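Okay, so chain A shows up in both of these, paired with chain B first and chain C after.
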Partner chain A sequence: MTKYIIQRLIALIITLFLIMTIAFLVVRLMPGSFYDNQDLPETVIQAINAKYHFDKPLIVQYFYFIGNILHWDWGTSIAIQPNVPVFDLLKTRVPISLQINLISLFISIPIGIAAGSLAAIKKNTLVDHFISFMVVIFISVPSFIFATALQYFLAYKGGLFPIIYDAAAAMGTQKAMSMFLPVMALTFSPIARVTRYLRAELAETMNSEFLLLARTKGLTYRQAIMRHGMRNSFLPLANIIIPMFTNILGGSLVIERIFSIPGMGGMMIDSISVSDHSVTIAILMFYSFISLVTMLIVDISYGIIDPRIRVGGRK
Partner chain B sequence: MNKKTMFRGILVLMLLLMLLSGCNNNAKVEQQPEETTPEEAPSAASNVVTDEGYGILKEATTATVGSLNPQTYSSSYQSTVLNRIAIRLYAYLPNSDYTSYELRGELAEGAPEMMDESGKVWKIKLREGVKWANGDVLDAEDVLYTFKRLLDPKMVQPRGGGFSKDYIEISNAEQYYLQNGEGGIQTDWEEVGIKMLDPLTIEVTTVDKQSATEVMSHFTHTAHAIVYDKLYEECMNAEGTETLYGTDKDKFMSSGKFVLENWIPDALVVYKKNPNYFEKDSIKLAGIETKVVENAGTKMQLFENGEIDYLGLSTEDYLKHDQDPRVLSEPGNAITYISINTVNPDKPILANKNFRMAMTYAVDRKGITDITKDVPANYMISTRQVIDPATGARYRDTDLAKANISENYGYDPKLAKEYFDKAMQEEGLKTLELTMLYSDSERYKTMTEYLQKQLPVIFGEDQFTLKVQAMPSSQLLSLKKTWKKDPTAYELTWSAWSGNELAPWNAMKYWTGSYSRKNEPFSNEEFNNIWDEVNFGESRFEAGKKLEYTARMEQIILEEVPFIPVAEGRSYYLKSDRVHLAFPHWINKIDFGWAYASIVE
Partner chain C sequence: MNDDKKLLEVKDLAVSFNTFSGSVKAVRSISFDLNRGETLAIVGESGSGKSVTIKSLLGILTGNATIESGEIRYNGDDLLKYSESDFYKIRGKKISLIFQDPFSALNPIMKIGKQITEALILSNNMNKEDSKKRALELMEIVGISEPELRYDQYPFQFSGGMRQRIVIAIALASDPEILICDEPTTALDVTIQAKILKQIKKIKNERDLSVIFITHDLGVVANMADRICVMYAGKIVEYGTCDEIFYEPAHPYTWALLSSMPDLETREKLFSISGTPPNMLFPPKGDAFAQRNKYAMAIDFEEEPPFFKLSETHYAATWLLHEYAPKVEMPEILAKRLARMKEEGGTSE
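For the complex of A and B:
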């Protein structure tokens, strides 16, 4: 198992390096320049280019970039927050995005599991039909529609929650209230996905022979479901729950705009539109890192949960 | 799973949630400036202004502030923020009866004093007793330090070029600033035309003869606001090439009308009245709170809930509120026009003046602006541009400017067709297909689609086709500027131009031959000569000459048709009744004067 993990870690580092190289080339070759919105004479542009090595060939710029990364220097922003190290810039935004996303994930999983189990146990009843109907709605309607509707009805019309996120509020009820709607808007899709997946898995498990055997052993219906049915149905759930985190991060870009959350979403778009290349590359690397780590966790957890698919195990 | 295990699980989940919601770096307890209660506060109607002020003006903006370092600022919104919290030598401030602006000293005590007959050496006396927000004295040393850093050859600050040469050219400043670049000449700071004579006096030496108004205007620029030397130095990197000054609320020192109380980038700016400001009685507010809200719908909800005091209206929202007495109208500064790539080798007809004339007469400006709620414009200098900053006289109100405008906003389909047929004959074409690029905003989409329908009707549907293509505005802007390297970059597209509203003659530099970053090819020798004369020639000091030169420059553009002016943008705002503006209407350089407003509960 250790060898397998080491192999996967090496693969992760190589993949990250490749992504970094491609990101650097794509971003630098994109049309547009930091100077486009500035009324700067050509002589000044040349001087600034020389300062940031933009006057050098792309390959030389790439080596400067790699050399800096090896010293954990991600460069400085030139437009979003001029002169601020990119890493410091991310440090202020990442916790806000993570906070919203993690809370929504932790809320959606238990609700999804409960709804999925209930739908499977009450299969083909009114409860199952209602849950399945809600699942279709939650999956097919994009999160920003829910966000807009929640904001309009619960915040603006109902006055139950603040209309926008309160960035200045200290930790407490005020902060929690302002986070409620964005978190809620982000939970609908994961809830639906977990519910749908678990319903299908559990319904299939409930018809399996080993569950029949469990019942014939003398277990009650409830005991058979809880001890054997649930456990077996949970295994494939790992396949969707962990990568779901990456999906939620993507969905939060729009939600952050709607609720004025100063997270990563807005900064990613802004950095591209003002050609702040260092910031764009750093954000791309952040998302890539999160995706690769979640994939690694899925792979490792598979190995732990199901020894049959453990790579590099005993033959 | 037994009940005990389940309970433990819930407990762990709750702890995790609490931990997560506490991991935000910004979640510090901030002392917000509290709105004074009506009982404690003096009545706004009594006109008693206290050092603390009364009421918080609540704003929302789509723009964000990346830095509060005046020397690196880039957006007009950053300029608005900095003009509230940073002091400059001169500024456009309200006149005594709040009917117009005045160009006066902010840190400077009065107008600059001419020290010799040549008009090249100027002495600027500073106010005594001006203080930073921390109580330190702000004097000529700070001013000198600011300008030295602005021109620092190692830092190469983007705003250094404008400081060395704009309204005035400071002697040896550009040479000092660009000395490390290719072909740079080694220059000592002592050679630059800025000196400190005593702790309250600086001396500025210029290359050309200047007027006092020109010297004052030069130092009104936001980038020339004074920085706090101690903090600036503390925030400097080891190589002396970059500073973190102004990148955090603790790395900025206020000195303007307001003091920066809190700043969370991309989220919030909170200001508190500065009781040490030299004209503190002109500020009635206790503070201003600005939230960053990008979604227009969210902004409207905040306004209707009373959480913000005013908001800018989109065309759609304006149509819903056009009869509302709370609507404020701001004249536009930008002229929207059709850029024509006259050097495109694939479409030589674009270089044909008859074709460009045909386009000019074919554009139904009134029809377009009736939809977009802008003002039709067949001119290049907008209505808010002032020709005489001393009197506030607007350029468009003068007879010379009026003479440049043709009837019916230049719309004449019959004449358009005549010019079109002539151009097609000259180019030997039977049919013509052009592509128009537009940025993906609703306004440009509407205007482009209008032309797509209208132009073939005028030129003949069997002869002319207009293809349209949308693209992100930043990409379009870059593409337009590549016409020198790639002449096929575009055929037709939209651009907008806004010059300095108090110096339209200076803003015309965009169309001079030497200006390298314009969107479309245009060069005219007479135009270049006039621009040089109106900005640097001796005759500019003669009465009426600036107007005459400016009108002629506009006339040349309208005759040569390197592009086609279409509309003048207009902005609309919706204001809450609790805000009373000090000015009766929009004023140049002051706008609606939100900073001078008062709150009436």
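For the complex of A and C:
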């Protein structure tokens, strides 16, 4: 197991390096530059070029970039907040995004599990059909549509919630109210995913022989489903829940924009439009890192929660 | 026959399944009884309704099944009138089931020990230590070596035969009166089959169990059964003691089944029953076996034969036994074999 984890960590570092290279090239080769639409004197441009090595060939710039990163220097922002180190910029934004995303994840899992189990146990009844219908809607309609709809009906027409996120408010009711709509918009799709997955898993487990055996050996229907059905269906659920976090992160890029949340998403879009390259690359790296780590967690967690791998692999 | 010897009595049981294409008549009015301490074998090919019959005994039929008629008398109660919570009181505790496929019958991610003790703790209110002691005892009884070590292992660490032993241990956990074996050896190697059968027989004798043994393989029941019911297309076509079925079979279907069983002397091509069983969406008129029966008479296609009594314990449902029917002898291949078996003074295995 230790050997396996080390192997995976090495692979993770290599992958990150590749992503870094690709991100650097793609971002740098984008048309447009920081100087566009700005009336800067030639001397200033030259000074900036010299400072950030923009006058060197791309390959040389690349080595500067790698060298800096090895010293944990992610560069400085030149457009969004000039002269602020990118890492400090991220430090203020990441917690806000993570907060919204983690709350959405933790809300969607129990709801999804409840709805999925209900649909599986009441399979092919009205309840199941209704849940499945909602699942299709929640999965196929993108989250930003829900976001705008919620914003319009609940916040603008209904006046129940603030229209945009209140970044200034301290932790409390006011903050919670302003977070409600973005979190809600972000939960729809994960709830639907968990529901659909669990329904399929549990329905299959409920048809299994071992569930029948659990009943014939003297367990009630309820005990059999709880002890054998649920437990067994949760196992494969683990490997969709962890990557779902990455999914929510992706969805929140747009949602943050809609609700004016000062998180990573808004900053990423801004940094691209004003050609603040080091910020874009840093955010890309952050997202890549999160997805790679979640994948690693999935793989390792399998070895821990599934006895067939845990015990079988030990030998 | 003394009535209080009868432990379980099935009368006119009929079960059908609602499917998209119509109602499938899986079991069509069958009756049999199980005496205390005996082994009753129900023999028939796939789809003859054996498994459906025993699933109705335990109340574990799937949702689309309807019990059309009949009653199942156990301890004076009609099991068919039982609610789910009534069944809870007899499942595992009075009537236990051994499954056909040990590979899918055990929960793959639960420790073996827990799977045995679970029912004891939950429904017999036994405490942890007692139930563990009992589980280890049971594992010993069913022939698992090193039960202490095995107790904490998972099903994937067991071979097929070992798993079936665990399934048997689970079935025995709450000391049932009736043990139903649903083709317990079908999924296993032939060498393991013999061992498992021996084990079941031994346990049966030691604990004075009554056993219902479901199989499609007459060879398997030869050494086990006291009485045999032969089922075809949802009906019992012949029943009698083990010797009567093996030495004096009267129904053409039983003849065919026996002829299709190889023995050590078999030199010629093995007999096979031509055709396929009838589609139970549309049960045939008359004798269901008539289409595949070379001895079929005109009446077989018109009217269902009643049971004809051959002896106090032996009945067969075929018009061939009617007093007006032409005298028909069993196939030569079978007659020869029976003669040989009688000479050797034992049933073949």
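In this text, the second predicted complex is superposed on the first by the 303 of 315 C-alpha atoms of A that agree within 3 Å, B and C clash if a C-alpha of one lies under 4 Å from a C-alpha of the other, contacts with A are read in each partner's own complex, and residues count from 1 in each chain.
The rule is simple: contacts are C-beta pairs under 8 Å (C-beta built on N, C-alpha and C of every residue); 3 or more make two chains touch, one makes a residue touch a chain.
Given the structure is predicted, the values throughout are model-derived calculations rather than measurements.
Once the two complexes are overlaid on the shared chain, A:Ser271 sits clear of chain B and of chain C alike. When the shared chain is aligned, no partner comes close enough to touch A:Ser104: not chain B, not chain C.
With both structures placed on the common chain, the touch criterion links A:Arg231 to chain C but leaves chain B unconnected. More chain A residues lie in contact with B than with the other chain of the pair chain B and chain C.
Contacts of A:Ala214 after superposition: chain C is touched, whereas chain B is not reached.
Look at A:Glu42: by the touch rule set out above, it reaches chain B but stays clear of chain C. In the superposed model, A:Thr246 lies in contact with neither chain B nor chain C. In the superposition on chain A, A:Ser288 contacts neither chain B nor chain C. Residue ranges of chain C in contact with chain A, taken from their complex: 58, 60, 84-85, 88, 91-93, 96-97, 99, 101, 104-111, 118-119, 122-124, 153-154, 156-157, 167, 170-171, 173-174.
Per the touch definition, chain B reaches chain A in the complex via residues 1, 13, 16-17, 20-30, 32, 64, 66-67, 69, 72, 74, 156, 158, 160-162, 178, 180-182, 241-244, 247, 262, 264-268, 270, 291-295, 297-298, 301-302, 304-305, 307, 472-475, 477-479, 481-482, 516-517.
The touching residues of chain A, counted against chain B in their complex, run 31-33, 35-44, 46-48, 50-51, 76-77, 79-84, 91-93, 95-96, 98-99, 102-103, 106, 110, 148, 151-152, 155-156, 159, 163-165, 167-171, 175-176, 179, 226, 257-260, 262, 266-267, 270, 272-275. Of all residues in chain A, those touching chain C in their complex are 208-210, 212-221, 223, 227-228, 231-232, 235, 306-308, 311-312.
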